[in-house]
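Okay, so subunit A shows up in both of these, paired with subunit B first and subunit C after.
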Partner chain A sequence: MEQFAPVKRSKDGQPVRYLIVDDSVFARKNLARIVETFGGQIAGEAGDGLTAITEYDRTHPDIVLMDITMPQMEGIEAAEKIVQQHPDARIVMVSSVGYQENIVAALQRGARHFVQKPVKPEVLYEVIKYVLGEDATVASAAGAGA
Partner chain B sequence: MSHSSDERNAELREFFFETAQELLQSLNDEALKLENRPGDKETVRSIRRVAHTLKGDAAACGFRELSETAHEFEDALALESAAANQSLAEIAFKAADVFTAMLAAYRGKTKLPSTAGFLKMVDELTHAPKGGKSKGAKSKAKKKSSSTPMLAKTGWSEYERLAMQRAATDGLFVYHVITQVDPNCAMPIAARQLVLNAASSIGEVLGVRPEDKSSAPTKQLEVLLASQQAQEAVSVKCRIPTVISSVHIEIVLTPQQQAGNVSAAEGNDEEAALLRDDAQITEAAEAETQSSAPRNIGAASDNILRVDAERIDSVLNLVGELIIGKSMLQQAQNEFARRYPKDALRGRLSDAMAFQSRVLNDLQRSVMKIRMVPVEQLFRRFPRMVRDVAKQCGKEVTLVMSGQDTDLDKSLLDAITEPLTHLVRNSVSHGIENAEERTRAGKPAHGKIHLKAYHQGNQVVIEATDDGRGVNAEKVKARAVEKGLITSEQAERLSDAEINALIFRPGFSTADQITEVSGRGVGLDVVQSVLQRLKGTVEIESRPGQGATFRLKLPLTLAIIKALLFRVEQRLYAIPLNTVAEIARAHESDLHVVDYFEVLQLRDQVLPLLRLGRASSSTERTGKIFVLVIAMGERKLGLIVDALEGEEELVIKALGNHTVSTDLVGGASILGDGRVVLILNLAALVERFAKMRPTETGSTISGILLSHSDRMQLAVQKAEVRA
Partner chain C sequence: MKMELIQPFINAADAVLAQGLKSPMSMGHLTMEEEAYRRKGVAALVWLTGDIEGRIIFDLDPKTATKVASGFAGMELPESEELVREAVCELANQVIGNAVVSLNDQGFHFRIHPPALHNAEQGTKSSEDTEALVICFETATGAMFMNIALRYNQKLEKEQALGVRAAN
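And then the complex of A and B:
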């Protein structure tokens, strides 16, 4: 797997913390592996929208990667609820092609960006950097670049 | 500008909502006029002026849909043929409704109502031949896309140009951002949304091309953006990975100084006042004849301040605290006078006290005056409503209004809007007979409703009188029995006034058939409950065959009352002084029991009595008691109390539902010595009393507060903790 220059939080130089929400255990593992190549840290995981909300409250991650179709509560609703509670929450929707309507709905409700499944690491990497904006720095010294 | 543009925008919008109300009101007024005098040129011009002003104001506030709808309407009115169209009044009414609905949607941040129906009417207006007889013949085919103008790529609409100008005067940059959507992006609509999100996060989006998101995938997306951010920052924000391949930005306008764009406004003072420093660019060209502009339209004179009601409330609250302070001082002074009756300081103290209390009274009065608004503000919505309801019922009704300049507390005014509307609707739909029936009864075919407001002592009275059929006492009686509100024996004993009062009871409606207009299952009990909450009363005076009068009586203000303080079982209570007709002393042995109710023979009348205390001990009581004779509308009753404490001005503090769970207590107040007094809600007390049925056990009715005393005690303790 490719290596990326680690993305760190600019306020304290710590790794960026992720909350991964997907009902598929495999998808979660996959995403976790990808973000770890960005130097990220997994703050928590959730298999449905409701758990996502409580996990957000517990862990306060820097980024949420949110699937759209899930049991209990769909990703859009969970995203909306989280943003209502935490306007600063950075939520990136993760979805298959063909869910454009849902993506637009999520974006209108406060999600920051979206990536398509299957997730390409280099795409997610760019998206993460954009979403974090000035809140993240890319450690240029470390390892091989992308 | 000393404050931020956000704050300014919010303020501006609030101001717009208020002035827009006024505009819509005059639109309704003019439409009514036009209905009476179809084709009147002056009236049509007034309507057009209103539409024009609304268009400009709405655009300035960023309410684009409203602005454009008003624009369509205004344009249509410019046509000679349209102005002469017979159905114009109808369209103007429709316009007022549509604009009102849109305003409400903007205000509540809800979905905008559809304007399609209205625009179609306007469209027909512009295309229909003179006289307006053939409607909708060809309009569908050539339905203009005017509601969503599709302009050339870089052509911005009138609204957008106004918005740009405004943003520039607000000290913002206006950018034209052109983004190329990544050809690999499979979700162009989501991409569009992302660009809009990104743009909104750094400024205000004034316009987008293409406008419609459902159109075929576009390669290029253009955004008109007003922002304080530098061009570079905008560029970074809009270069969105995975969806946007490139960004090109042009600066359209740079922030402007205030001066230099007020010039165009001359000759149109009213607009200038409304729009303040807003751009007049496109407007000045249309030379409006302003000579005959309606006086009241948005005439925001320099001497009138629009202030948030909350600020006034907080001043009034402070005045209330001062009054508490005054009674604290008063008590200290009394104590001083008692201890040192000979001290020279005493006189000086009491002089100072007298002076202070006089100023305090003036202050209180002045602050209350600020909150007062003329009843006109409430009344003026009625002409339109009466017309609509009458039309729906197929009746002809004239509305006469008087006493519009009577002042009333703004919050009271708002609160009685609904009940009064209900009463007037009721009068039109049920009170006034149809023309045929009226002629048969020897009355003019036109029904008449008279709305009247006046001051009476410490109260404001609002009356709605109709010349309809009046209340049919027999019918009311029968219905009340049928609904189980009273028994048939009770019915026989009731006076006319008491029978009339029955129609305010929940679950009562005399209308033979339920009409769309007023028989929506909600009865006059709603009116009653609102009035009770406001410490006012509602009564009805019926002249069978000749009409009925509904009379709402309201206190001048809700915040401060003169109250009588008394004790029952060591607990302190208060009631508004103006409800106390007299105070009588009686012996326990003077009390009699009739129908399980305790009564007192007071001079020539028998007074039902109400005990606030415990029921059980009543038999053991001996000695003298105080009876407060309370007059509530038609009804009188006596309240037995243990001791009187005196009268005092109380500043009412509302109690939350969690502190007091009974409606018998209307509020609380703090006395000068720090004690807490509960203010009884007499209307609820009387209501409770009226509903009480003699119990099977044979015990007399009394001690009605008993079941609540625990909770009330709790309330007192809590309040004391807070105080």
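And then the complex of A and C:
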């Protein structure tokens, strides 16, 4: 898998911590593999929106990668509830259901960005850097792929 | 079943499989299924509700599912029952999600329900208004079948017809 120049937190130079939310274990593992190529660290995982809220409270990640179609509570509702409690939460929706209504609803309810599945690592990498803004630095890595 | 409902699913399957397999694939035979659905490999079932309603079944042999899973992961993954099941469900999710984007652009609104494994050897028989279309995709590692049984929401159709009559 392609390697990218590591994205670190500006404040302490530590790896960016991710909470990955998807009802598919396969999709979660794939996303975990991708963010690890960005130098990221997995703070937690959740398989539905309700668990995502409790996992956010427990782990306080830098970024949440959130699916939309999930059992119990869908991703957009979970994103809204997380942002209500934590206005600084950075949530990126990652879903195959990327039509305009869903994207607008997600952004209106607090998500910062939207990435269409199947996920292209180079696209997610750029989105992560954009969403983190000045709170992230890209470490120089000789031979990094991006 | 109208082709305008089917084409987005064919296009989405083509795009998602091409990215996952990173090798050429072609559309094989296309048949209408009148008898009850018979599972061929590992199958995932997704229900749609809204302006269009019905169900779609994705059916892959385990070797193809492993190859697709490896393609999505960017590394070779060992074949296991769990991986195959997960890969088939996620593939169904991605193909249907991408197709829904296209149908939404055409003005159709509906909800996708999370994919579930279809364990029964045989499904329910399709009826006249929910006849199933089976599309076979040939890949280098094996075949993938997409079984689509969709129809326009009849309640909405009636309401629209009544609305037209009332307007006249």
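The definition used in the following text is that the second predicted complex is superposed on the first by the 139 of 146 C-alpha atoms of A that agree within 3 Å, B and C clash if a C-alpha of one lies under 4 Å from a C-alpha of the other, contacts with A are read in each partner's own complex, and residues count from 1 in each chain.
In this text, a contact is a pair of C-beta atoms (placed from the backbone, for glycine too) under 8 Å apart; a residue touches a chain by one contact, two chains touch by 3 or more.
Just so you know, these numbers come straight off a predicted model, no measurement behind them.
Shared-chain residue A:Q100: touches subunit B and subunit C both. By the touch criterion defined above, A:P87 lies against neither subunit B nor subunit C after alignment on the C-alpha atoms of chain A.
Counting residues of subunit A touched by each partner, subunit B versus subunit C, the larger count belongs to C. In the superposed model, A:G13 makes contact with neither subunit B nor subunit C. In the superposition on chain A, A:K129 makes contact with subunit B only, while subunit C stays out of contact range.
In the superposed pair of complexes, A:A27 makes contact with subunit C only, with no contact to subunit B. In the superposition on chain A, subunit A positions 97, 100-101, 116 are in contact with subunit B in one complex as well as with subunit C in the other. Here subunit A touches subunit C in the complex through residues 1-2, 23-27, 29-30, 33-34, 69-71, 95-101, 116-118, 121, going by the rule given at the top. Residue ranges on subunit B touching subunit A, taken from their complex, read 186-187, 189-190, 193-194, 197, 213, 240-242. Contact residues on subunit C toward subunit A in their complex (touch as defined above): 16, 19-20, 69, 72-75, 82-83, 86-87, 89-90, 93-98, 100-101, 104-105, 109, 112-114. Put simply, subunit A touches subunit B in their complex at residues 97, 100-101, 103-104, 107-108, 112-116, 123, 126-127, 129-130.
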